[in-house]
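Going by the order they are written in, the chains are A, B, C and D; count residues from 1 in each one.
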Amino acid sequence: MTATLPLESQTTATRTDRIPVAVLGATGSVGQRFIQLLENHPWFRLHEVVASERSAGKTYGDAADWRLDSLLPRDASKLIVKDLGAGLESRLLFSGLDSSVAGEAEEEYANRGCAVISNSRNHRMDDDVPLLIPEINADHVGAIEVQRKRRLGYIVTNPNCSVMGLAMVLAPLERAFGVDKVQVTTMQAISGAGYAGVASYAILDNVIPFIGGGEEDKIEKEPRKILGKWDGAHHIDAQMTISAQVNRVPTIDGHLMTISVKLRDHASVEDVRAAIESFSGEPQALGLPFAPKHPLHYIDAPDRPQPRLDRDRERGMAVSVGRLRPCNVLDLRMVALVHNTIRGAAGAAILNAELLQARGLL
Amino acid sequence: MTATLPLESQTTATRTDRIPVAVLGATGSVGQRFIQLLENHPWFRLHEVVASERSAGKTYGDAADWRLDSLLPRDASKLIVKDLGAGLESRLLFSGLDSSVAGEAEEEYANRGCAVISNSRNHRMDDDVPLLIPEINADHVGAIEVQRKRRLGYIVTNPNCSVMGLAMVLAPLERAFGVDKVQVTTMQAISGAGYAGVASYAILDNVIPFIGGGEEDKIEKEPRKILGKWDGAHHIDAQMTISAQVNRVPTIDGHLMTISVKLRDHASVEDVRAAIESFSGEPQALGLPFAPKHPLHYIDAPDRPQPRLDRDRERGMAVSVGRLRPCNVLDLRMVALVHNTIRGAAGAAILNAELLQARGLL
Amino acid sequence: MTATLPLESQTTATRTDRIPVAVLGATGSVGQRFIQLLENHPWFRLHEVVASERSAGKTYGDAADWRLDSLLPRDASKLIVKDLGAGLESRLLFSGLDSSVAGEAEEEYANRGCAVISNSRNHRMDDDVPLLIPEINADHVGAIEVQRKRRLGYIVTNPNCSVMGLAMVLAPLERAFGVDKVQVTTMQAISGAGYAGVASYAILDNVIPFIGGGEEDKIEKEPRKILGKWDGAHHIDAQMTISAQVNRVPTIDGHLMTISVKLRDHASVEDVRAAIESFSGEPQALGLPFAPKHPLHYIDAPDRPQPRLDRDRERGMAVSVGRLRPCNVLDLRMVALVHNTIRGAAGAAILNAELLQARGLL
Amino acid sequence: MTATLPLESQTTATRTDRIPVAVLGATGSVGQRFIQLLENHPWFRLHEVVASERSAGKTYGDAADWRLDSLLPRDASKLIVKDLGAGLESRLLFSGLDSSVAGEAEEEYANRGCAVISNSRNHRMDDDVPLLIPEINADHVGAIEVQRKRRLGYIVTNPNCSVMGLAMVLAPLERAFGVDKVQVTTMQAISGAGYAGVASYAILDNVIPFIGGGEEDKIEKEPRKILGKWDGAHHIDAQMTISAQVNRVPTIDGHLMTISVKLRDHASVEDVRAAIESFSGEPQALGLPFAPKHPLHYIDAPDRPQPRLDRDRERGMAVSVGRLRPCNVLDLRMVALVHNTIRGAAGAAILNAELLQARGLL
């Protein structure tokens, strides 16, 4: 793919110059976000939509029960949904597949030579699959080379939606001071469970102190891989201990979390705040289309960030932080917020693909 | 008062035998709970209602904007609201006063010889004022004797609504194993702020990671007094360190909290669970009218307790606990729930008064 | 059944004297309400629980994902769930079956000789099946005699949850003045759709102006049968025209509705209010256990009834009315509220069974 | 003002060319929407912010408790808040004043020569004040000429937020077929009451069937003036009868309403739908900056419009309609939705000012 679509041609890309892409699991909640976010993308062009047998053969407009508050893009609505497993013309695939089918399907397409940019959890912890947050570990794309020894294409993943918020906050702390221990309690929005995932009877006037699918386990493990190193052959986890308690709350979008950390080196509140505010990475340096100007927004108000007021900062791609202050038990505590279906899912995958394109890996 | 209303006479009390009581701050949210909970109380009889100048002189039915989902008791509705500071016939006063006025008003009535059972924060940390949870520190009523050296009557307080849930859970752990460190994140219901306290525009589809009035400070300090000792002359704090992060969530009633604890002695999950399940205290031994049979309900389901489903256990007087499991950072973690306006406020004060009556201190 | 359990024996019934009953569809939302409401019923005793194949063979405690805010009754939790269609020992069945299976299953059990007291919509409009609200049309039980000519047992139904509120309000107006035209807009709680019926993503911060399953059609037709006559051989509809617009709103329980009516005879606001306040029927006269003292509560406050504050009046069995005033387009308008899963579903069916028992028809 | 800022110059206006404007009541909920919507307006430039004495002298950033989900514009945050009644440099004023002070203050500024574009209710029904919806009654600006006979400047108003939705839907029906009778039930968002207007304790898990300030009266009267005629000297009301029942529901933004209408001339569903879909007016013809391309969006789905999904169509300036079908009691019924704080308030006022500018009346 690289040969036919070099980066330099993209900035002035006309419609047909843009890289044709397919979305797997296109009718689901993450899939719909992909469709929404890819509209008018300067580098990528939605070319194919793939879903389960039930939807295959219908137009996307008929198959998708569109639930977002922007209108379904007209071009997308006319695409005929292809069956999962069918041959595709696109070589770049965004996967919002449910984890019950993502494992095999993503492998199959990667084996056939596609670049599969996945939001699913199935392959995140595979040793030769990057668990990528471009601001933090862009060099983990080195794993692709190893992965390609066993298949024609490759899989690249982004983390769990809550992990995205947590890892982004921990990254400047780990770099500057070392992170030893982390306590995190999440208050997660209902959209994280998909459209039908949380019954209103279960969550109205309520909080559910549990999220299935190993949510706490992911939050305790994925940041260690993300903040760890790729040594050229293997991933080496960062040496930090995380304890997570998760909750579902009646908010639409935006995962809020309280965080306490113990650092390896001493750092004052001012030191840590400076590290957070100055945090930047390769997406910012490269000016990738989906990169937020500031990956972390520190908000000074005493009662922020708040999901409804702050989740959409930088089109949902920035993580917000506030209330940084000393912790009686560990060293410091704070509050963080991530838009779970944009920065924590579809937007993350698109930024990953942009990094790959900028690096000539597509 | 003790002379005229000994405990033994109460169990067969006719209407006029019951102790006449006044509710201060009767039109507010805690005050309304007092009115609701005192209806048909076997020992106490609502005799006077006291509120601000604005309400004074009206019938309670006219003055109170009744917001509870049971009907306003007919007898209460006909009482004429008295002005705060006015002379009262009752010697037993329940105070749901706002902290802006509670400090002076409660002192004044205590100086005049009344027993003021207060839910307000103003006098909780006074050295000769019991911060009472009868299941935990019934012996702290010893402070009343000291307090009476400086005034005719006395003040007894119950803790902050979140502290009630936390201290109840920590009590059996402190007794059996010693508690060293505690991390707690609360998700607090809107009723905790009073009826007009949280605007719907602020909280719908949202979480606010802040509660004013020093909420986190109270949660970090009050349990130390409650779980500490009364040595006959002074309160001696328990030696534990608590770090609290508080949040307001869109639930009506019921404060949920995630808790991680480090114990002084080793204890397995089974040990701690056994301590929680067997926890009981003087209200249970005495069979006080408002005492829950089991102060702590351990719930086995993986996703409980939940505010809407569990807040009303034992008429809102029991605290629920679940998800007890090891913590990667401290020793153990769990989830707890307290009904903030019953066990965490008006119901707590009534149970305090019942203990005082049973001990002959009224 | 009548022979073995005559009414007079019931009032002093010991546990084993009570009529054994089965609940069909016991694990669903209406089924759970049946289980909850039947606990400690003076005349009926839960003996069998019936659900789909998936649950059959399990204990009810294991099969039911209990969602109500009272605890699952201990006796019920130990019952082994029977498969729908299995032979039953009970002759009195309460059906909360989904309409996809209720049609055939209820007929089958009625053919076998059971009294099927159904909340499902399938047989409501059958000419020889009573659509019963005991306060309004107790004499419609006459249809049972006709029905029994074609089967051993019989089916009796209660109306749709919104219809329950509407018909109860229209009944005194129809009796006293005649009802010509009705405009009704409903705002229905999520519990009306069953536990998983409304996704939180669909309804949080939202209103859905549509309810499937022919909701508007039911509201326009069922009241005509209920308020009509049973002439000994057939049902004859009341001659009124109803136009309904339905909405789903984010409330847990309680269907609120705005109603405008055109009467046949002139009536002042005072006349109509008097008719509403004096409304009473056979359940009140007989003192049936589930009968509210006053079927209709008129509330004087300018902003009532409200779902959260008024739905539980008389344990959820009373319908509340307020804001009665002239209408510019028709004659009068008002607001009404019904607890949709108690008076509008399980409680309605139990009251129907009580009427049948009192009349010696069980 | 017209002389110095003719329409043709606006399209290429540089920053300083734009008309300087003041916002009255700038810290309130409507005021904040004005600030938000005026950012980057091509014709108008925010120059002054005016609020009550309490805020005067502070920067707007300090005085306003900013509650919108976009960031407070930097330029606005630095403006010093002026005291209501102070002399202003701007001649064009947008008023989001509370009705308790709007009456006198708006008159005062109009008397001084300002064009006061008001969202407040106080002067809406004054005979020489246009109650303006530019798509419907642009010619009502003729009243300004009469008004100017008694004062230097003038007041122009937009209707109540619910009336905006209703009048927009009725306009094409009135034009094509004549409207005789209207029944409307509204389900209004909490933002309509201002930020602190609806307590969360009052509305969570609830619906309130009442809105103060004469809401129903406004809905019954304002459309008659809007859809009526300006005969050169007086407003003449349209001859239609409206009956409104209003409700507050727990949605953030977007007033939804069910409507039934009786037309004067016969019209089929198709006729009415065609009238709705082809509806357009002077803002569309003139291409005013805030004009929606289509003032009315007819949505074909059976369960739309919905507040969360449809309120932001055309940046909140379009009204959505759906479920058009015959009514059993009147002729036709339907559902409509208006964004209450954009099209129903601040956006409406800005569109009014654009019309005045385009017509050379500023």
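Here, a contact is a pair of C-beta atoms (placed from the backbone, for glycine too) under 8 Å apart; a residue touches a chain by one contact, two chains touch by 3 or more.
It should be emphasised that the depicted structure is a prediction, and the values quoted were computed from it without experimental measurement.
The fewest steps needed to get from chain A to chain D, moving only between touching chains, is 1. Taking each chain's centre as the mean of its C-alpha atoms, the one that lies farthest from the centre of chain D is B. Looking at B-D and C-D, the interface holding more C-beta pairs in contact is that of C-D. Each chain gets a centre from the mean of its Cα atoms; for chain B and chain C, those two points are 40 Å apart.
Annotation: 48 Å between the Cα-based centres of chain B and chain D.
With centres taken as mean Cα positions, chain D sits 44 Å from chain C.
Under the contact definition stated at the top, the residues of chain C that touch 2 or more other chains are 67, 204-205, 250-252, 308-309. Partner chain D is touched in their complex by these residues of chain B: 29, 67, 190-191, 194-205, 250-252.
Those residues of chain D lying in contact with chain A across their complex are 67-71, 204-205, 252, 308-313. Those residues of chain B lying in contact with chain A across their complex are 181-183, 185, 187, 204-210, 220, 241-243, 245, 247, 249-252, 256, 258, 260, 302-309, 322-323, 327-330, 333, 335.
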